[in-house]
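Listed next: structures, encoded as structure tokens.
Both complexes below contain subunit A, partnered by subunit B and then by subunit C.
After this line comes the complex of A and B, so read on.
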């Protein structure tokens, strides 16, 4: 059944067939369809040049789509100028007004909307209290730390109660500890105010911890969209598997499909099993993807076991990563706890690896340019 | 390892002393003519000659009491002030367009906008005189102001463009995102931030008009006699130290403007 935008609950944002090109030949975003629900925290994750920032800029109105439509509650938005969209934005490096105090920065949107002074002061004070900066109202942004400036930018983007909040790598310039604190804080504020947030990042751990849903971008297209768990456990294709988390991607040839289980032969001759997806075709090349934590060491050669040689053992404190070269030359990584039985394995020693068929996926084969 | 910045005193004397000498010659070239001319404004006798025959304020009194000189001072101030307002507004707006990478003809327009700095003023003056004739603008205040605006605007364009290259244009995006239209964003965000550059441009524009004489010779009538024009006439007709007193007044006024500019930008 076709659902029209008018039937959606209020606050719904809808992108249909959105493309962006500057020269008419190369497309930065191609034929994008995306629905954003009211109150949702959606992260656009992808490498640089994947189209995620351009998508954000088209939502904000700083870029216009070459084709396609963007609608809020069924109302066309893509050709409105940014100042008429009622969207809050936290910029990379904050873009605070250097000549205004913190309170003036936060109150700017209310001032241009003609909100009277008493009301403005009250809402600015509320917004600053929310980000715990009420005692800094009279400071200039330059006299504040990066984390504090980030909070000012957040208060400024929220004070006029926009219907959508965009965040463009807002934590990129901060150190790791502060970044993790602010991730939680942003998430709490978003939940408390029931904000609809579109968040752009290239940091996958940030995406995994903050989002309701994640859209993985590559090459101007959404490769997969879903919850963090969906994407981590069931990557839709080879790109998602290798971009989100560590993943071992092995080239193989499908030899049999037995219900839910696919049997495939590795170049070294071993026959392994993995779960069926839309990608498996008998006789065709495919990728077998297994998370490093799902690979196990085992005693000796048997059905579904792959032979290899240890080429490196790296100690990470809470985990041990063993790099193994398979007999066909492919490299895989195994994550295990430092107390495990094989912890004493020497570099150069022969090892046998296996995995549960249920924890491996058959994905699209490696492309020539990958 | 620490690196210490080399200073001039670290250089060997063979290099250092000629460098100092060179700097001294340049400074002397700038200062000596002024030092030679300005004291004559206080000479008690109407001669351009040293030693001075005595100290007196009489040429300054002459400057302010003679109707010819006084109207020249007033004319110069009116014309320079009006020119400054016009040139600053036009030059600032032009600079905003000229730094926008989406403006396709920016290089060509930039060359045109600063051409009055390189085209000989005599040519411009003659051209304007010809154009103003059918419009009846010759021998009017408006004509002189327009002519001076043509000369002064490039100074504003150059200083404001230089300031805008350091301006973070994402601030304009932030303003738009927060609901400010183009004009509002310009007035509340861009203009306050680039105001030191705009003020510097305004001072240069004022100075360009205040000591300009060639355009005045072409365009101005007897009613628009400015201070430089009066000095020029004085040189030929009745040479006395009032000219130097007038020059002193011009230097003091322009210097004051520069001092105000420095003071106001330091305060930020």
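After this line comes the complex of A and C, so read on.
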């Protein structure tokens, strides 16, 4: 493949201003800009109806953008039919052809491309070996388990060395244990073959464990894009904070900004601290976000301590979740290990909570990017 | 096997009537359970056995029944056993024959016997009636006189033809009607040679029936496949509207639909009006009472029967399969024929088979819009049942039709079941 004077490194995929609407009024995807680097594992994460699958379908060529452009290596791609895009795709329910054997399924792309029989057999065998299914070549898909079928689908999507691999909730139908095994296996194969992968899921733990970068979708827009760590620790807005991991959001009013620490007053009167972000302005309302695992119980009233009353204690085996109603009526959840101090506090008992200023964030009080 | 026993045990336990560990009791319990669970289907079973199985058995029985000679001429048949078929039988046979004809005359079964002889022998009816006349006159008193009287009244009695037939059909069951229906030469002349009279050519009628059915089946498949595909894959109102249009004829009686086709197809009908109106033809075209009309009307009637089974199968094909093929590099047509079509085959086979088998039995439509000399086999079955009162032949024709349709259906049915077991 010859790449001439490309400003971008080879394998770069670029979406600019992509919108999709069926009726011209409601947009499923709105004005989307996205760059995908060669060898990157990008996950599109979001609730159903957030536009992540539509974005994937536009990349694959099954849907065409209402406006905007999609380019691979600088070549416009958005008006090409799917068979001319050189994209491997793994579907939610595998979409294996039931009337073909495993080997025929995997070799289909090569047959269509006119690869001769010997070469085809060799590459099919390689692909099946990669997913550890070489002994199942002659089976029909219906005679295999869900996990095996998913591996066949993976081998089929990779055997023709596509420049981009799309995966549409490929593990959704599998049980938890198998799903975790396959997550690692897919990640391993992607690394080994230096694949560019766009992976759609609504399962946040899957996104966090597999991805180089995660794009959080809601309402047809990307709310935040970044590494798993970025997104978990520094959520851009309330939507991301509550969608990825559990999160406590407290409404407050900013009363002081002291270096990179913001001091804010909760409606109940307590003054708390959090890290400065661009959203904090003195006198303005702000949302303070604290992860349940960053909240802890403390002995009594002091500066930065919030008072509340236990309303529920739920035992999870490795952790205990205490639901606390603050004096202003806000509800928060505290995760602690079952053996920790104050764990097992009676329902109805008063408690005091605090957190390190470095582990709380000031967020835009608006729900999400609109 | 062990599981089965366990289930039976459980069933027995539930009812608390069978001692545990008793295998026979458990098996019976299981049978009882199975019977009880089939109980709601009992009215249907009763209905089916009364109105499907019993009539079928009756038809098969009628097709192989051949009682007239056995009932009316048993002693003649016995007496003919020693005759070797050359020349004429000994005079005693004539006497016995004449005696039995006399008895048949008294029982008023002579006409039946005459008709049966007529099926197989030139002027058979006439011969038996003449013998009846001789028997009534009572002239023949001994064997020689009986022989003279019969050969005098008709020389055919001096030929081996009639005696061969009587000798061969002395059993109450024979394959005579089936052979006749299958188009074998069955009619003899007075000398026992194949008759010059040409009867119905049933092989031609069967062939015609099969050809018309195949044409209609092919037409419904060619038109129905794209239609079913569009309905199965369309979203929104388009598919619903098309399905409604296909189902619409189901709510109109077959007779009304066929009659309205007559209005459309007749010489001064709608179709010719349109054709002459747009200047496509100058003279009205003869549509009605042609094979074209038969095929056209049958096609319209059968289209839903072909489309609905196809639709059922096509709706179960996930759209992701064609998408997967497209993403793997196949163009839309190639993806369709590599991936979609093979999965639709059971539906195509089921729809085509249903239409073909139903077409084989079409009666009303060809009778009303088809040519008089271009009738299908059902027309002849009805004709032999209602007009010629030859129930044996009508039953034999029906039997061949049912068996033939069954033989056609079997490999297709196996194909369909194999495909459906392949799919999960």
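By definition in this document, the second predicted complex is superposed on the first by the 359 of 370 C-alpha atoms of A that agree within 3 Å, B and C clash if a C-alpha of one lies under 4 Å from a C-alpha of the other, contacts with A are read in each partner's own complex, and residues count from 1 in each chain.
In this text, contacts are C-beta pairs under 8 Å (C-beta built on N, C-alpha and C of every residue); 3 or more make two chains touch, one makes a residue touch a chain.
Quick caveat: nothing in here was measured; it's all calculated off a predicted structure.
Aligning the two structures on subunit A places subunit B and subunit C in clashing positions. By the touch criterion defined above, A:205 reaches neither subunit B nor subunit C. By the touch criterion defined above, A:327 reaches neither subunit B nor subunit C. By the touch criterion defined above, A:142 lies against subunit C but remains apart from subunit B after alignment on the C-alpha atoms of chain A.
Using the contact criterion defined above for the overlaid structures, shared-chain residue A:83 touches subunit B and also reaches subunit C.
When the shared chain is aligned, no partner comes close enough to touch A:277: not subunit B, not subunit C. When the shared chain is aligned, subunit B and subunit C each come close enough to touch A:62. Taking chain A as the common frame, subunit C overlaps subunit B at a single listed stretch, which among 45-53, 99-107 or 153-161 is 45-53. Overlaid on A, the two complexes show subunit B and subunit C touching the same residues of subunit A, namely 60-62, 81-83, 86-89, 91, 93, 95-99, 108-109, 112-113, 156-157, 160. Of all the residues in subunit B, the ones that touch subunit A in their complex are 168, 170-171, 173-181, 184-185, 188-189, 192-193, 268.
Within the complex formed with subunit C, the subunit A residues making contact are 60-62, 81-83, 85-89, 91-93, 95-99, 108-109, 112-113, 140, 142, 156-157, 160, 166. Taken in their complex, subunit C has these residues touching subunit A: 318, 320-321, 323-332, 334-335, 338-339, 342-343, 422-424. Looking at the complex, you find that subunit A touches subunit B at residues 60-62, 81-83, 86-89, 91, 93, 95-99, 108-109, 112-113, 156-157, 160.
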